[in-house]
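Next, two complexes with chain A in common: one pairs it with chain B, the other with chain C.
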Partner chain A sequence: MRPLWPLAVITFKEGIRNRALYGIFLLALLLFVANFLICGMILRDVGKVAVDVALSAVSFSGLLLVLFVGINLLAKDLDRRTIYMVLARPISRRHYIWGKFLGMAMLIVTATAMLGGCALLSIGSVRWAFPSYFPRFAWSPVLLALMLITLMLVLLAGMSFLFASFATSSFVTLILTVVSYLIGHGVAAIKALVESPAEVGIEVSATTVRVVKAAYYLFPNLSLFDIKVQAAHNLPVSWTYLAGTVAYGLFYTALSVTLAGLVFSRREFP
Partner chain B sequence: MVKIQGVSKSFREGLRGRKVQALQSLRLEVASGEVFGFLGPNGAGKSTSIKVLLNLIRPDDGKATILDRDVSDRRVRQQVGYLPENPYFYDYLNADELLWFGGRSSGMTADDLRHKTPALLERVGLLEARKRPLRTYSKGMVQRAGLALALIHDPAVVILDEPMSGLDPVGRKMVGDLILDLKHQGKTVFFSSHILNDIERFCDRIGIIAGGRLRLVGELDKVVPDGETLEELFLRAIDDDFGGLPS
Partner chain C sequence: MRHLLATLLLLAALAAGQVSTLWWAAGARQALPLPEDHGYVLPGPLLRVVAGEFRGLAADFCFLQGLTAYGRLLEGSGPSQARYSDWQRVYRLLDAATDLDPYFFDPYYFGNAVLSRNPEMIPRINQLLEKGLEWRDWDWLLPFYLGFNHFYYLQDSGRAAEYLMLGAQRPDAMPLLATLAARLAYQENRTENAIVFLRGILSRTEDERTRELYQVRLEALEKIHYLEQAVLVYRQHYGEMPGTLKVLQERGVISAIPEDPYGGTFYLDADGSVKSTSELTYAKGGTSKEIPAN
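Moving on to the complex of A and B:
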């Protein structure tokens, strides 16, 4: 832990003071205010909409944080050669990746805790204004949803580290991370669709099925971390599902960062 | 203390992957307590040699050791301080935090750091600016912060890549005094420079590199022939027809 901690701390400080973070927070704040206004306008399923919009705002802001602050934290080290000052210490390349990732994970947890706090405030204010629309509401599923969003973002950050370990530019890392996010959210549904095409009256070639199956096993299934519907309707989420999803997220994250460390340990910095 | 043993290194450049030989069988030794000046024109291989010593790049052939340990062993760097050419640091950190990182990652205790940080920052003239973000520093201030980072953990070996680069006369004097201090403390200093005056002032031994090959190495007062200046020797040594001098 000794070689990791100082690097994790300065990565966290560098990230939390980044001005891009203020923009992301401002956007999230606007979404939370918009939540109140939207609910005031539609006056239908207000409870569901309030929870859905608030959690989506956290998820979206967190995604921006990973894409525009997280990726930069690593990319800038390589582009501007700040990595020299780190690797000139008794820190191996693998330690470097883990230290940076730990700092990034701390940043994500802190940011989602703050955004989550605002989301809860936003839901609470809508509930206070329109109490009759919240007959089955409970806070615990919302908190669980926030926890899974955080884990999904940490996993995505881990994947971005894997891409950054071999990509030659931060733009490539950004594109690969966005693609992983999109595939990760849709691949389970697409797999179900291509495996039973007759049910929806479509024809799917064997190659397409193979490609979708390959994507399903290669990319993490991020839709597992999305329990907004359950939170909005206060539907039960089993502990088995939660434990399985957390274990899946942690395993995939550890795998991504370990692979990133392996790839990175072969890199040179001329 | 510092040994480079037959190190060769090549890089691939451009779309066609043209091979560029950066170092050719480089062999060099720097003894304990010595101030060694590494001279060479731009692109001669000075920074590449330094990066090999810091394991930032790996040799194709040969090996490098510091304190009898292969440089691929990360623990070696606990005893090494490094100032890169044109250092860049994290924008939103301040000098205090930079030194905290340097000290803690090199195994210093929080107590040691509390005592050493202000003294070192005062020494490099950054005590008053210690809480300012590094992105607000001038080039010379960044260079001095880099020097403090290289020295915070009291390393036995100090590697400085163009330490005077970007400094005004006051800054250059300060860095010069620091190098002399290190010399008096018995530290081993390996530094590259273009500025021949600095080399003459501080170094016990010099090495001249050009085209990735070491052209000359030896004690300063022995390698410069009578009636010749270091500048004249340097210009002769980097010429392709230079036959080499006894080292």
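Moving on to the complex of A and C:
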């Protein structure tokens, strides 16, 4: 842990100083303000829409953070060849990856905590404006949803580290991470779709079903981390589900980063 | 100084050019032939895949699109002249919104309120409400809407009573829902169902005023059921209808005709069912009570 900490702190500071962060925060703030306008158009279920918009804004901003700030934190070292400076120091490549990842995770947690605070403020102010249209609202599921969004972003950052460990440029890492995100969120729904194609009147070959099933186990199932609908309607979310999802998130992240460390330690630099 | 002035002039000319070309191009675009909108909306399961983690937000968007589509329907030729496909479009958008988030109340509420202006849409509305009924299992309003639609538009009091009974058992349901359900069931000659239902709901009701409301209706229905049974016994014994309830008393099938708690008088209707002049309301029964008539 000792060699990791300074690297994590430096990575965190580097991320915080990134100008893109201001843009992402500005976008999030605009979305939180837009919450008022959108909720003004809703007839009865204002509470649900307020929570939807606020949590989606956090998730979307967090995604931008991982894609445009996070990926650069590792890829920039590789692109600009500053990695040589680090590798010349007495620190193993695996430690380097873990240190960088730890800094990135700290950045994500800090950013989502701030964004989450703004989201709660946004929900609170809509509730203050339309108090009688929040019949089933509770804060605790919203907080749980925020926690799972954070974990999902950390997992995605772990995936991006894995891709950066072998990709030749940060652009490739970005594309692979976006693809993993899209597959990760759609894979469960696609699996359900190909397993019962009659529901939408399509025909699916046996090979497609096998490919989708393989993708289901290979790619992270990010839809597990999405409890926005439950939070919006204050529906029960069991502790077993939460514990299972958190454990899955931690295992998948650890697997990705460990694999990234392994690949990175064997990588030849020109 | 001259250089700055020239730059400012250039900027002003470019800005003017930008505004005028926008006006020109936007105007020309309006004249472009547009494809006819057939109101196609992607099926719900596909939308769920496309929307990913922003499913709730996509549901809100579909609902707002449904509002806009209805606005366009009104703006065009008005609800009476609108084409069936315009109504279908509103329905499909609301259906898509509830496929994305089946717990979202507004599409059900809005769909029920506006689509019912076209009687052809009633089966569609009921389909939409049935979906909500399954997911929003705490909500008494959806079975209430379904009950109303079956009673008013489809003239199916039996089904209406079933939906109202379901609604009455959901939390915070309007107390009158239970009495209304019982009355509809009675009108459909399902007095026994109405009695069983009211007994059940009475056992779970604590509010004194509401209990009184239910007890009076239960008492009336039990008396009607008693008379209905007596008519049945008479028919089995004499092989014909009694004609009036008084005949039951005269032939010793019953000791006396019970009193209607609503103040009316029980009688035997032409179709052989037991009715009351009060129609189970205080207003028609002539009894003044504080409890609202229903």
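Heads up, the rule we're going with is that the second predicted complex is superposed on the first by the 263 of 270 C-alpha atoms of A that agree within 3 Å, B and C clash if a C-alpha of one lies under 4 Å from a C-alpha of the other, contacts with A are read in each partner's own complex, and residues count from 1 in each chain.
As a convention for this text, a contact is a pair of C-beta atoms (placed from the backbone, for glycine too) under 8 Å apart; a residue touches a chain by one contact, two chains touch by 3 or more.
Quick caveat, the model's predicted, so the values are computed rather than measured.
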{"item": "Three-chain arrangement built on chain A, chain B and chain C clash or fit", "value": "fit"}
{"item": "Touching partner for A:K228 - first (chain B), second (chain C), both, neither", "value": "second"}
{"item": "First, second, both or neither for A:D45, with chain B first and chain C second", "value": "second"}
{"item": "Partner chain(s) touched by A:M85 [first = chain B, second = chain C, both, neither]", "value": "first"}
{"item": "Which of chain B and chain C A:L30 touches, first, second, both or neither", "value": "neither"}
{"item": "First, second, both or neither for A:L182, with chain B first and chain C second", "value": "second"}
{"item": "Vertex chain A; arms to chain B and chain C (CA centroids, nearest 10 degrees)", "value": "170"}
{"item": "Touched partner set for A:A113, first chain B, second chain C, both or neither", "value": "neither"}
{"item": "First (chain B), second (chain C), both or neither touched by A:W5", "value": "first"}
{"item": "Minimum C-alpha separation between chain B and chain C after superposing on chain A, in Å", "value": "30"}
{"item": "Footprint overlap on chain A, comparing chain B with chain C", "value": "none"}
{"item": "Complex contact set, residues of chain A against chain B", "value": "2-3, 5-7, 9-10, 13-14, 17-18, 80-82, 84-92, 95, 268-270"}
{"item": "Of all residues in chain C, those that touch chain A in their complex", "value": "43, 45-46, 48-50, 52-57, 59-60, 63-64, 67, 101, 103-106, 109-110"}
{"item": "In the complex, chain B residues that touch chain A", "value": "11, 48, 51, 54-58, 74-78, 80-82, 84, 87-93, 97, 100-102, 104-107, 133, 146, 149-150"}
{"item": "Complex contact set, residues of chain A against chain C", "value": "38, 41-45, 48-49, 51-53, 55-56, 59-60, 182, 185-186, 189-190, 192-193, 199-201, 222-223, 226, 228-229, 232-233, 235"}
